[in-house]
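Below are the structure tokens for one structure; questions will follow.
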Amino acid sequence: MNKTLTELFVSQYSLCKLGAGDIVGVIGEFGQKEAYVAAAVEAARYVGAAPLALTASSLSNPILPPYASSNPEVPALLAGAGECDLIIDVTVGGLIHSDVRTRITGAGKRMLFVHEPADVLQRLMSDELVRERVQSAANSLQAGSRMHVTSEAGTDLQVDISGRDIPITRQWGFVDEPGRWDHWPSGFVACFPNDKTAQGRIVLNAGDVLLPWGRYVHDPVSLTIKDGYIVKIAGNGVDAFVLSDFFARWKDPEVYALSHMGWGVHPAASWSALAAYDPRTLYGQELRSVEGNFMWSTGSNRFAKRETPAHLDIPMAGCTVRIDGRVVVEAGRLLTREA
Amino acid sequence: MNKTLTELFVSQYSLCKLGAGDIVGVIGEFGQKEAYVAAAVEAARYVGAAPLALTASSLSNPILPPYASSNPEVPALLAGAGECDLIIDVTVGGLIHSDVRTRITGAGKRMLFVHEPADVLQRLMSDELVRERVQSAANSLQAGSRMHVTSEAGTDLQVDISGRDIPITRQWGFVDEPGRWDHWPSGFVACFPNDKTAQGRIVLNAGDVLLPWGRYVHDPVSLTIKDGYIVKIAGNGVDAFVLSDFFARWKDPEVYALSHMGWGVHPAASWSALAAYDPRTLYGQELRSVEGNFMWSTGSNRFAKRETPAHLDIPMAGCTVRIDGRVVVEAGRLLTREA
Amino acid sequence: MNKTLTELFVSQYSLCKLGAGDIVGVIGEFGQKEAYVAAAVEAARYVGAAPLALTASSLSNPILPPYASSNPEVPALLAGAGECDLIIDVTVGGLIHSDVRTRITGAGKRMLFVHEPADVLQRLMSDELVRERVQSAANSLQAGSRMHVTSEAGTDLQVDISGRDIPITRQWGFVDEPGRWDHWPSGFVACFPNDKTAQGRIVLNAGDVLLPWGRYVHDPVSLTIKDGYIVKIAGNGVDAFVLSDFFARWKDPEVYALSHMGWGVHPAASWSALAAYDPRTLYGQELRSVEGNFMWSTGSNRFAKRETPAHLDIPMAGCTVRIDGRVVVEAGRLLTREA
Amino acid sequence: MNKTLTELFVSQYSLCKLGAGDIVGVIGEFGQKEAYVAAAVEAARYVGAAPLALTASSLSNPILPPYASSNPEVPALLAGAGECDLIIDVTVGGLIHSDVRTRITGAGKRMLFVHEPADVLQRLMSDELVRERVQSAANSLQAGSRMHVTSEAGTDLQVDISGRDIPITRQWGFVDEPGRWDHWPSGFVACFPNDKTAQGRIVLNAGDVLLPWGRYVHDPVSLTIKDGYIVKIAGNGVDAFVLSDFFARWKDPEVYALSHMGWGVHPAASWSALAAYDPRTLYGQELRSVEGNFMWSTGSNRFAKRETPAHLDIPMAGCTVRIDGRVVVEAGRLLTREA
Amino acid sequence: MNKTLTELFVSQYSLCKLGAGDIVGVIGEFGQKEAYVAAAVEAARYVGAAPLALTASSLSNPILPPYASSNPEVPALLAGAGECDLIIDVTVGGLIHSDVRTRITGAGKRMLFVHEPADVLQRLMSDELVRERVQSAANSLQAGSRMHVTSEAGTDLQVDISGRDIPITRQWGFVDEPGRWDHWPSGFVACFPNDKTAQGRIVLNAGDVLLPWGRYVHDPVSLTIKDGYIVKIAGNGVDAFVLSDFFARWKDPEVYALSHMGWGVHPAASWSALAAYDPRTLYGQELRSVEGNFMWSTGSNRFAKRETPAHLDIPMAGCTVRIDGRVVVEAGRLLTREA
Amino acid sequence: MNKTLTELFVSQYSLCKLGAGDIVGVIGEFGQKEAYVAAAVEAARYVGAAPLALTASSLSNPILPPYASSNPEVPALLAGAGECDLIIDVTVGGLIHSDVRTRITGAGKRMLFVHEPADVLQRLMSDELVRERVQSAANSLQAGSRMHVTSEAGTDLQVDISGRDIPITRQWGFVDEPGRWDHWPSGFVACFPNDKTAQGRIVLNAGDVLLPWGRYVHDPVSLTIKDGYIVKIAGNGVDAFVLSDFFARWKDPEVYALSHMGWGVHPAASWSALAAYDPRTLYGQELRSVEGNFMWSTGSNRFAKRETPAHLDIPMAGCTVRIDGRVVVEAGRLLTREA
């Protein structure tokens, strides 16, 4: 039976170990996603927590230009959030890449972004298996020195991930530890390789996905990577045309940089989601989380002090991922210890 | 001039011969498609009928997983519907494949599903011509023994439709007889061939349509059919990729089965509807009804006691359909007795 | 802390011992009191019950004319309700005096009418004390033969309540037995005296209340009662004027008949509610339930086969009520065994 | 021409000297008074300020019981408010008597409560004249030792207001100084006399007003005052009845205490407002502000550490108010220096 | 059965003989009474007429101050209305006393104001009987020279209505002639006596009605009339107090003038409507139309070139009205030729 | 910071030099695009103008069939609009190709169509640079005799634009001159070449755009042009299939005619907009305005007295446009005098 948004938040709060008397801060934008605000508030009441909605009118960011770096009401927003135990982020674009997020989690608060439609939230509700897979994958990344990605379509990419301190993003879809941020639903791992070390070629193939656009690639696009940057975009189809135009429009060389890389582990996520749903209603977490995808991204990388607008996430099918020669994903199939 | 939803229901009630004093039961889901419920109720008042809305909160079915087989409130729903003269189904997904439908029509009630946007309902409003074409096509199917479908793109499929009792679906878009079910708008015929008799190859071509996804096929997909099942999916494009992933996700061999087959007869339906409209607002009845299409489907077949989730309807252009050697559709052109 | 309507229904369902798997039928009217329908449905889901909303478009009754006696969709409504375990009535006027109610409870179903605003529902939520007081008062009525009501203002009324079978209304605000009807919130008892036996005088005084109008009486109104009918209305103020006009407008002698009589027992109900709230948002259950009121009514009495429109409920303050000489309410003070 | 709520907030912000870059915090309650929240936010954007809405789900207080003293989300609310330059309070009941207010203004923030309908906000928009009158009246109170109030109807009340430090409320309807609280619209002054010093009699007369009930008194009510408490309520009409019931219901002797006293100065406020408007849509600021009224109140007095629920404000017409023998209001006519 | 607003407009359009192809102009105010606009438009479509809504944002007038005399968008509004066959006025206050009305009807257009709730519109839907009674009463007024009104309560008023040309208002609730204005529902006649000729006394009594306030008079108010003006208001109750304050607030001697006078004829209208309905939802047409009332008004009189704000309509019960000595209403009872 | 729709209209009104006291007529359709109507009205109030909304219920046109040529309420609509200084068109489809537009601008009124979502309106807000580019491009067209368009993909088209009087459309996105029409946002020029003079071939390539469908072309489509008409459509992909079906459906040879041609000049418009936005929320002005596109259209041409339904606008990338041999756009790059 389909659950309501409120019922889903009640389940999620349970994963987040939200208790009676805790304060839930719900950050939203004026006139936007009101059903999510209402559900987050109502569910908080049901579990005995105290909800406070913090609604700013100017957090929303245009899709094309870069995120606004400062909003005058942010200090008040942060002060309110600073007294909450759990922050639910239901802004339109999410505060993922913002200072607001960093400062809230830096203060030890848990923060969870929510955007997908109710049935995606329900179908991809997380559990311990997802968390374990993410942790195991993250350990591989942390211990490794070199990631090598290949595909039958022609991808052949090498990056340096050596060093115990390379930043690693672990997303399993709930937040039950202080200072933890996550996005409901999720099931993937990613690292930020050492900057400007990526070399080789990425060949996007039919069925690969461009996010946040919610588009399948239709015709091959060949991207030449040198010292961490895309230096050439080739291909005859609409995808190569649109990607070329998109990058060029920013008039900013940094948009061509590669950012994070990793792979999906969620057993319930499906490549066909963009066909089965209206892709414009999706944020794309299902595609980011497909078990055995290889996902890389462009643009901003706060660990490399690179702030640029044109952030794309690109989950690819059929890739083989090796860490120091060990295969972790084989032709799009996740190798797990479970079997 | 564009009509309102209420005005359109008034016209439709006239086709359905709804009279003063009749009871109209409107089955909907809580918080969904409320404009349709309101219009169905308001129009009933205008024609002097008595409307009763029956609103269940758990009828909706996720898009990907199978339809829920039981809802606890169904007995009360059926009891209410059992006293109505005409049932309008405005649930989100429709009760097409449900027990609820079977039991309502089994009790001799008329039942009509409605989902398309107002201007599609208006443009494809049915008439006697559509009914006659459907009946004539159904007679061909009933009298025939063998259906043979070919296309320039490579389709070459044979199925056994012998026997007077093969199930035949006649959809002309209104319900004026006891126990009749239909979907407004419609204009097509389909039969359920004898199970596991389909043999050959179906080649999807650019412009063919995948429903309920509302997508045109972009690149050829070759499907090998053996003993009524798809046994191989081949093709380089995004469509082959997505279809392969979609079928495999269910981990259920029955999803590969072929279900009903037939052709469209509606003179006002157009292949370009998916381009001219936002396809996500359409249920796809226009494509199912294009005059001269060949439409087949996958998955569930209640006559073969096969219940599976992944039900796709696939209208194809440019096919030639023969019944016992007689051409009824020639390269996508419907042969009618009218001319 | 104020509760939401949904939270209040959850509490009420607990009083009504609604269990998982039970079916809740919510009878409403199209476009009316939608927040109550939504809350009743949502709360049902929370307790694991299955909700079905039955929405008729023609149940609403004008305030002045008599209740409509027949609606064509009623058979379908009753059939649906007949399969439910608990019926929530959120129609505008309530189905209190209708056949629909009688037939639903006659079929052994529990039925609960709800109309008051959320904070009245919360403040007057019932409990065992209220039930015990109602039962005790009902026992007095059942055992008694004669009710005598007097007041300092001049009321002096006698009625015959002899016979074990005089109809008695016990309203304590929840329904936990098959076939039981109640109105949430409530806390009063009433009987239908033997018809045409009332004799004497009722003097309405400043502060007495006219329901459903939600008005305090401002100036004394003297009503002469003979053989169960009001035969004279006297007084100089606006209340006498309006009452006279109201009764005369119906052109029906039966509107002058006295109907049920009894008294309130709810410890949390207050006379000043009509001042503290907007009286037009109240159905008046608080006034009907004030501990120690004397409430009588006019018009319809289904036990006397009397069906008339002008039904008024009139709770009065400061009365003394005697049953066979024993004082049960003394100058507006309820005498209880509790102290 | 009638202004919209947004246009009115723009005007009010100008009175409050709100500047570009300032932060406006709008405190509201979930699902309540949303048009006011929207207007306050939108107007802030127009003047270049940054709005943040702080929406709590549990601030609302029932009308009858006392204000809830603690809400778990209050710390987060206060932290957010603490970073704002101006706080607009659009909670249902207002945070007038709450800790939240005291702590916000105590932190030097300006705070303005808003509740009245748009045309009352417009018609009673304040100006310098109102402020000067309030300041002048406050000076009289501060300098005085004894207030003596008489009326033709029989009022004869004396209170001790000696001491430089008696608390004085100055409400002129806008906030342009740090730490200042006000209620838009307003135009009156009030002091909290030395506790338990009121002696004599107050006779409410036809046309006097009971707030927050929005009711005119219809028949005389004589209140005997001894040592600061109402010790007797006499009268034959509905008002005496309701007041007696209301005070008695709380089962708390402190509800009978007198609280603040003062008089109105707003030249545009009218006694007939309760007739011309639906009184239930009014908070009553117009009546509190009528030029030349005498307004006193009952119940809570935080300066006397008295916290009780039953707070009534009672503006009276036709009184004469003397401060140390000097007439400041003569038979309901305000004596000003202006003429 | 209760009708919807749309169904009621369909009935009303039939009374107004609106035909297919006619244009209906619906004049409303932005964001106000939208259900009426929608119903007027929808009903027009049903009868085959073409609806155009003309929505101005500044027509609404505050309740207390005078009607705004000019709005800049009026020329465009009039130009649009000038091409319509029937104008439905659903502005908040109605354009009754405005230039807009005069200019529309002056151009030969029919115009109908609508404000009451749906069930009042339904219950008081007009017919030929109402029209005949209005016409007959109007003939009496036109032929007469002197109106004399008396009542047991002390009213004794004489006015000069001589001359064939005294303005007479005939309101029967529908418009089926060019240039005709009416207000749905209505059933009364009124004339504008020769100016400054009224002499004597009007004594308002308990049960009389003050409009647009929707209040019953509670205690007698004696009004001395001299040369067409109220020169003294006497009485001890709240009504005398409020009326005195109301008239004085305008600081305009013309508000004391008497305006039109006449009587009600509608057999379905009731004095008790203000008790049975929330009076604030009523415009008051039912009270203006009670068969046998005497209704007079104050303030504006465009035939005497008097434009003032404080317009009150005052229907009184129990009066005797004589035209040139002939009794037309006897102690509140309409004398008709019908019996 | 993102602006609200109202704030954007305020900016736009400034470009349009709308002044205090001017009348703004807002033409909309019943129940459609209400946020735009509200914003246009509210913004008008802010700048001191008087807004009047003219709402017709039947202006909307189906997407597929031709525009309705007559609506009975149009005379009233035009009369109202004729008194306005600025007309904002927020009908669903726009009155671009209607008589209503021609008659309004013919009467010297300014008229502006608005449809795009708020952030597109903001990002493409116009300025003097855009106007200058449009004027300069229009001068080239006016002075020229022959337009020649070529592309690497195979386009080779010649048209005759000789004559001083060929119609030229100059769209820069605001209207500050009497009789001027524009569409906000815009930045392009187009002419209607001399009829039936186009000869050659147009080859649509991946990335070109079909409007109003909001689709990228995926596979090449070759269109043979003879004497101003498309005489052959060739290609293997879905685009050729859909275009062929679309044109054929109309059963009207005139749909194959070429209509206007020109190029885009807006520096902020981007080809990737259809990927970055949900294309179904766009009207497509961004694509029409991309700097350096070549845009041509099919179907209606009022200057050639050709009225047909199937109007497509087709912006193409990478074309070279020559006027009398002079290159104005080179391989998709606009040549400007600015650099």
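Residue numbering begins at 1 within each chain, and the chains themselves are lettered A, B, C, D, E and F in the order written.
One rule holds in what follows: contacts are C-beta pairs under 8 Å (C-beta built on N, C-alpha and C of every residue); 3 or more make two chains touch, one makes a residue touch a chain.
On a predicted model such as this, the values are computed, not experimentally measured, just so you know.
K.L.:
With chain centres defined as mean CA positions, report which chain is farthest from subunit B.
P.N.:
It is D.
K.L.:
Check D-F against A-D and say which one is joined by more contacting C-beta pairs.
P.N.:
Higher C-beta contact count between the two pairs: A-D.
K.L.:
Give the label of the chain whose average Cα location is farthest from that of subunit E.
P.N.:
A
K.L.:
Take the average of all CA coordinates in subunit C, do the same for subunit E, and state the distance between these two points in whole angstrom.
P.N.:
Taking the mean C-alpha position of each chain, the two centres sit 38 Å apart.
K.L.:
Centre to centre, by mean C-alpha position, how many angstrom separate subunit C and subunit F?
P.N.:
Those two chain centres are 66 Å apart.
K.L.:
Using mean C-alpha positions as chain centres, tell me how far subunit B is from subunit C in Å, no decimals.
P.N.:
Distance between chain centres, rounded to whole Å: 52 Å.
K.L.:
Would you give the residues of subunit C that are in contact with at least 2 other chains, written as numbers and ranges?
P.N.:
If we look for residues of subunit C contacting two or more partner chains, we find 45, 58, 71, 218, 280.
K.L.:
Chain pairs that touch, all of them, please.
P.N.:
Here the touching chain pairs work out to A-B, A-C, A-D, A-F, B-C, B-E, B-F, C-D, C-E, D-E, D-F, E-F.
K.L.:
Flag every residue of subunit E that touches subunit D in the complex, lowest number first.
P.N.:
Residues of subunit E touching subunit D: 58, 60-65, 68, 71, 210, 213, 215, 218-219, 236-238, 241-243, 245-246, 249, 280.
K.L.:
Can you check the complex and tell me which residues of subunit B touch subunit E?
P.N.:
4, 6-7, 42, 45-46
K.L.:
Taking the complex as given, what residues does subunit E use to touch subunit C?
P.N.:
So the residues of subunit E in touch with subunit C come to 1-2, 119, 122-123, 206-207, 216-218, 270-272, 274-278, 280, 317.
K.L.:
Subunit A touches which residues of subunit D in the complex?
P.N.:
21, 23, 25, 30-31, 38, 41, 44-45, 49-58, 71-73, 75-84
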